[in-house]
Amino acid sequence: MRDDIIWELRSDKVRELIKSSQRLDGRALYEYRPIKIETDFSKNAHGSCRVVLGETDVIAGVKMDVAEPYPDTPDEGSITVGVEFMPMASPVFEPGPPDQNATELARVVDRCIRESKAIDFKKLCIEEGEKAWFVFIDIYVANDSGNLFDASSLAALGALLNTKIPKLEDDKIVKDEFVGKLEVAKRPLLTTFAKINGKLLLDPAIAEEKAMDARISIGTTEEKLMSALQKGGPGSFTQAEIEQCIDLAFEKSAELRKLLKVE
Amino acid sequence: MAKSEEIVYINSEGKRVDGRKVDELRPIKIVPSVLSRAEGSAYIEWGQNKALVGVFGPREALPQHIQDPTKALVNYVYRMATFSVPDRKSPKPGRREIEISKVSGEALERAIFVERFPNTTIDIYVYLFDSNAGTRCAALTAASVALADAGIPMRDLVSACAVGRAAGTIILDPCKAEEDASDAVDMPLAIMPRTKEVVLLQMDGLIGKEEWKKAFELGIKGCLQVYEIQKKALKRKYEEIAEEEEKTIKQIDKELKKVEKK
Amino acid sequence: MAKSEEIVYINSEGKRVDGRKVDELRPIKIVPSVLSRAEGSAYIEWGQNKALVGVFGPREALPQHIQDPTKALVNYVYRMATFSVPDRKSPKPGRREIEISKVSGEALERAIFVERFPNTTIDIYVYLFDSNAGTRCAALTAASVALADAGIPMRDLVSACAVGRAAGTIILDPCKAEEDASDAVDMPLAIMPRTKEVVLLQMDGLIGKEEWKKAFELGIKGCLQVYEIQKKALKRKYEEIAEEEEKTIKQIDKELKKVEKK
Amino acid sequence: MRDDIIWELRSDKVRELIKSSQRLDGRALYEYRPIKIETDFSKNAHGSCRVVLGETDVIAGVKMDVAEPYPDTPDEGSITVGVEFMPMASPVFEPGPPDQNATELARVVDRCIRESKAIDFKKLCIEEGEKAWFVFIDIYVANDSGNLFDASSLAALGALLNTKIPKLEDDKIVKDEFVGKLEVAKRPLLTTFAKINGKLLLDPAIAEEKAMDARISIGTTEEKLMSALQKGGPGSFTQAEIEQCIDLAFEKSAELRKLLKVE
Amino acid sequence: MRDDIIWELRSDKVRELIKSSQRLDGRALYEYRPIKIETDFSKNAHGSCRVVLGETDVIAGVKMDVAEPYPDTPDEGSITVGVEFMPMASPVFEPGPPDQNATELARVVDRCIRESKAIDFKKLCIEEGEKAWFVFIDIYVANDSGNLFDASSLAALGALLNTKIPKLEDDKIVKDEFVGKLEVAKRPLLTTFAKINGKLLLDPAIAEEKAMDARISIGTTEEKLMSALQKGGPGSFTQAEIEQCIDLAFEKSAELRKLLKVE
Amino acid sequence: MAKSEEIVYINSEGKRVDGRKVDELRPIKIVPSVLSRAEGSAYIEWGQNKALVGVFGPREALPQHIQDPTKALVNYVYRMATFSVPDRKSPKPGRREIEISKVSGEALERAIFVERFPNTTIDIYVYLFDSNAGTRCAALTAASVALADAGIPMRDLVSACAVGRAAGTIILDPCKAEEDASDAVDMPLAIMPRTKEVVLLQMDGLIGKEEWKKAFELGIKGCLQVYEIQKKALKRKYEEIAEEEEKTIKQIDKELKKVEKK
């Protein structure tokens, strides 16, 4: 059940089933796997969230830090998203520096949040040109059972939503003391579709990812705006397919948003 | 950026900051076969952007464990020279370069008949020496010409172009100043022109569906224009080659005649 | 740390800063088999410490030149998430993580029947997501449960626990505040419980032999308590598996009956 | 024609031809291949130059940056030369950190310029002990058809000669505004000879480099002074050979200097 | 004599001999090999020491440097121990970043010194929160003939004992001028035992290390206090064995201490 | 450096800053065979410079794809200890060390019969522990002794020495103070002494041809002096070995006699 060869056989099965719009795990084409969200997973993080999407397991943690603003935006802080594929996440991962997949994942999650203007970078400024808050969002993939994009963006937003702003004394962070919560003005989330044998399906599981021709991830906000688009994989999409995915993304991301309780 | 609000993105005559119309590409020049040691190559100028591409392969993928017995690997490497941007870039590849390399390679994989070359790699190296927005599209456009120059069998060329928004207007092929608009949207796009299949699609910015659709369709038009420029560059090259071959044949004829005389 | 001297490490009722007795472990919860893609796994909560372990192997050691024809390699990788500590840790593995990986792998090598699996590697990956002292012991304790979950043959589990000193008192399983005491001693310890052999032993601090002996013996007692928790976690898991198997058998029976009816 | 095995065969041919003082491409022993120089190749660089020497193709770009002077020279700026072998420059290059060849090339070009005192490091000082200009010269090798030393040193000097000094405001560089040109007091250039079968030849092409026993590069200025010497390759030189190369270097570098139009 | 295969054969011999409490080189079980100590080995170092223990050869050098204290200890300097296995130290070493063995060695030597409080970090403070001395102890292993732990800790302590504190002018180190010696209040040293076939022995030579089941290193001071403990290798120890090693460590380290002449 | 102009580089008696004459080497001491695990080794003191060299090979070059079927690779690694220079050096190899490694290996390749050992590598590792100008020449000089100690067949030793200029005077074997002169020239040189072939030549500084020639010829003389010191060191070593062998033979004789008596 855990062997990569078995996944490959499943991949043939996936391509066969999809012809009659069926999926290996019995889901409807546009149905998410069950989702468990555990916020405040790590006390040492300033915000954290574990998301289990089917068997996919990711943990996001936030650390706020004070640094000098970038020269071209002296009145702004910023966010930084990092992704580490833990080597146990799949039999083929190896420990080491982030590869292309982890880099793409981190940058798409980053854009989805950044471009939505969920975080007002100007409000992160503490003293113009001198110091501002930088928000480090680090995502750890513990088990890759497919669709890391949606799981990671959900975990990242979940972590931001419970992020506390540390107290500063003489420009240094006081441990375990906080002055409030990080303001998160929007609820940007990624919704990802796979294309297999000409059919579109939501939230591909690992066997479906191995069988898919292409992937499209769409970042959306609750105001029905798109903050990110990313096509992946060797295949292609038609305009009609992309438009269909956009409509579905607005609809399905709303379901995910309900899972994020506002505390 | 602080002053970007004061910029007039579209003037009273409907012209953009660099004098173009909203649906107008910057000037593009493509020259195939510019590097002698690569198996295929191309040079592109796209507005201020300048890039060189070199292609090798299909050749044995090494180390062996990366080989795929079902197809050729497409190894796309996108890099920017340290001096190609306003602030000196570190010589170490950054995360942006790594991501662009990945999505660009995937875009070309669809066009190349990779299934004909199992266990091999096709290496595509692109370096930017000057830049002003739209570099990944310029790079990908040149790379597909270099692949053709290398004689690698393809379903179609890949033609790329960005589309965006500045100050509420949808514009083709945004320049840097336009990318810095406060309401900027930037959407790099690449298609296989004969089928209009989308092989690369990325976007940042914040946009609703209707506006997006307008942008997308303008982008497709841009890609089709790029396609014509690519084909012309390749045709010109092949005509040159044909001319040279003709000369060679004449030369051989001449020498044969000399030999016959003796 | 500057204020550590003002802390009352043991109050008038003999209780520690977190309310524990001197010989009391923090609450420990272990769940085996939590990750589907690893061949064995475990999750542990030990006080504030939280870790996930995944195990693969025995599988072919690669590249070939690292293979040992006499035994399996034990490749133990201990890592801390950037946000698992008070100040953000660099994502790059530090020297502390490298040292802990080495001694923890050596501790497990004694317990695993490595000689049965020449030329292979057994990979054990441990990540900490939250921490408050004693992380290497929590990690090692969980790792040995994950090895059992993977069905890797072992002489015994490895049970780990730290012991230390704060304000002159020998204490079991020190927490961070206690580790910061001005006279702090910290001694991580791991044993194979059935023989009480010591497979991991490290120490920092400054201590004489008699006091050390008292600490050591308290540490052994701690490890034996940890052993009971490990066994309980594995037993609970196997009972669940047994229940599930029973259900499956019943299901098969039911379906067989259906078939027979036809 | 592009295959490395063919180069090896050519190498045998080179060694054969040289016995009668002939070269594969018909050049005289002390003749450069045709040279094309394109300055101001990159607008984003503060100075830049592309040199095509035969089929060898290198691009040099300069960036000026402000930083704190080194503690032992508080009243000086400095130069830094980097070389990147682009992986398309030859079928055997691989992307990655600079190897021994790139490091040697960068350091010899650096010494040729630095020791000639073409750039007065004291004039790069902005405020003693506080800030000075640092001149980053980065050389990219796009096609290696032999003699990267001379092509690179020519491109580096060409780039320096059209380098503009950025305007500073509050110690920060103002984009696209300049206060003048970088002063380049000398015209230091490398001239490189290969030794093959006991014969010396100028400007070795790639097939000649593969056939050569040893290489010597000589940095010279227009005042007939040497600013750098570097022997490379497994072979050796006699004193007489080195002296002959020095004399030729003064002569041939003068030809190169004429190609660099002063603007 | 230098071949790794021969070492392996010797390892069998070692295991055979130890049954009758004999060692390959004729030593008693708890006897050190001959030790040569050369202090002030490097004039450019602020302190240095070369230790030859049998054929094991290590060189430690100290550099003092001024830097900002860590935020959580604003009134303290610190020490940093690094170890480099020189590639000639053994036929199997490769040049490259420190591997697990070098990292473990560096950290155990560090703890042995640090925890003994031989160096009072508060006395290294120059100006609270602003600047303090940082003591870099770098250990180079030139020849690994076994027991690098004891040789390295001896060399590190030897180097510290002849470390001079540089003169500061305007917060910068004045070359070759010193204001005194570094205060080293204790004499912490590691003493290492191997366990082979159930027997304990002191100062394992390389053939004994290849044959051993486990290793234990004990850091001790002259006041009979332990400042470090480290078990290594795949084997195990009983409580009785550890206690025996501790008693022997107090005794044998005293012999080593006599070799360190106080100047 | 700021004060270097005030230094009297050559005093009224023609003596240099460290009391040497213009054509005088610093004291040199070479001891071969100092490390037991390397196959060849040497220790050198050259003025303040101190270096250890270890040699291995010819041994199989790995990974296989680096093998050259026509000759042995010469892998020369030159490193400086962090504390060997006035300001602490980073432990990471710098660009200077990489360049010196390359040209030094090429210098030795000429001397070694590399063509006799295809597909192998000869590894030469040199570490400096103290330094004061001329380290690459000291290292190369010691390396060639270590190669002889390893029994690697060579056409000749390689003898190295720097020559330079300070305050208008050509000087042999410059020390650091002399290298910092405002008109300093530094020219490291290595030859195969029997043929006087130049196998290493580098230079920085600014110098005309006539002055260069004077320097070059002084440098050659220096190399020849170094050659004598190398030969003496090797001879002394072989005499010691011979003595030891004689002792061993006597010992064997003695034991044989004992046996015969029984």
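All chains are identified by letter, namely A, B, C, D, E and F, in their written order; residue positions are counted from 1 within each chain.
By our rule, contacts are C-beta pairs under 8 Å (C-beta built on N, C-alpha and C of every residue); 3 or more make two chains touch, one makes a residue touch a chain.
Note that this is a predicted model, so its numbers are computed, not measured.
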| item | value |
| --- | --- |
| Other chains in touch with both chain C and chain E | none |
| Chain B and chain A - chains in contact with each | none |
| Most widely separated chain from chain A, with each centre as the mean of CA atoms | F |
| Separation of chain E from chain F, taking each centre as the mean of its C-alpha atoms, in whole Å | 30 |
| Centre-to-centre distance between chain C and chain B (centres being mean Cα positions), rounded to whole Å | 52 |
| Centre distance in Å when chain A and chain C are each reduced to the mean of their C-alpha atoms | 30 |
| Chain centre separation (chain A, chain F; CA means) in Å | 58 |
| Shared interface positions of chain F, touching two or more other chains | none |
| Touching two or more other chains - residues of chain A | none |
| Contact graph of the chains (line, ring, star, complete, other) | ring |
| Ordered ring members, chain B first, chain D second | B, D, F, E, C, A |
| Chain A to chain C touching residues, read off their complex | 1-2, 41-46, 48, 55, 57, 59, 61-63, 65, 82, 84, 86-91, 95, 136, 138, 140, 142-145, 173, 175, 206 |
| In the complex, chain C residues that touch chain A | 34-39, 41, 48, 50, 52-56, 77, 79, 81-88, 91, 123, 125, 127, 129-132 |
| Interfacial residue positions of chain B with respect to chain A in the complex | 1, 95-96, 98-99, 101-103, 106, 109-110, 114, 187, 192, 195-209, 212-213, 216-217, 220 |
| Contact footprint of chain B on chain A as seen in their complex | 72-73, 98, 100-101, 103-104, 106-107, 111, 114-117, 216, 221, 224-239, 242-243, 246-247, 250 |
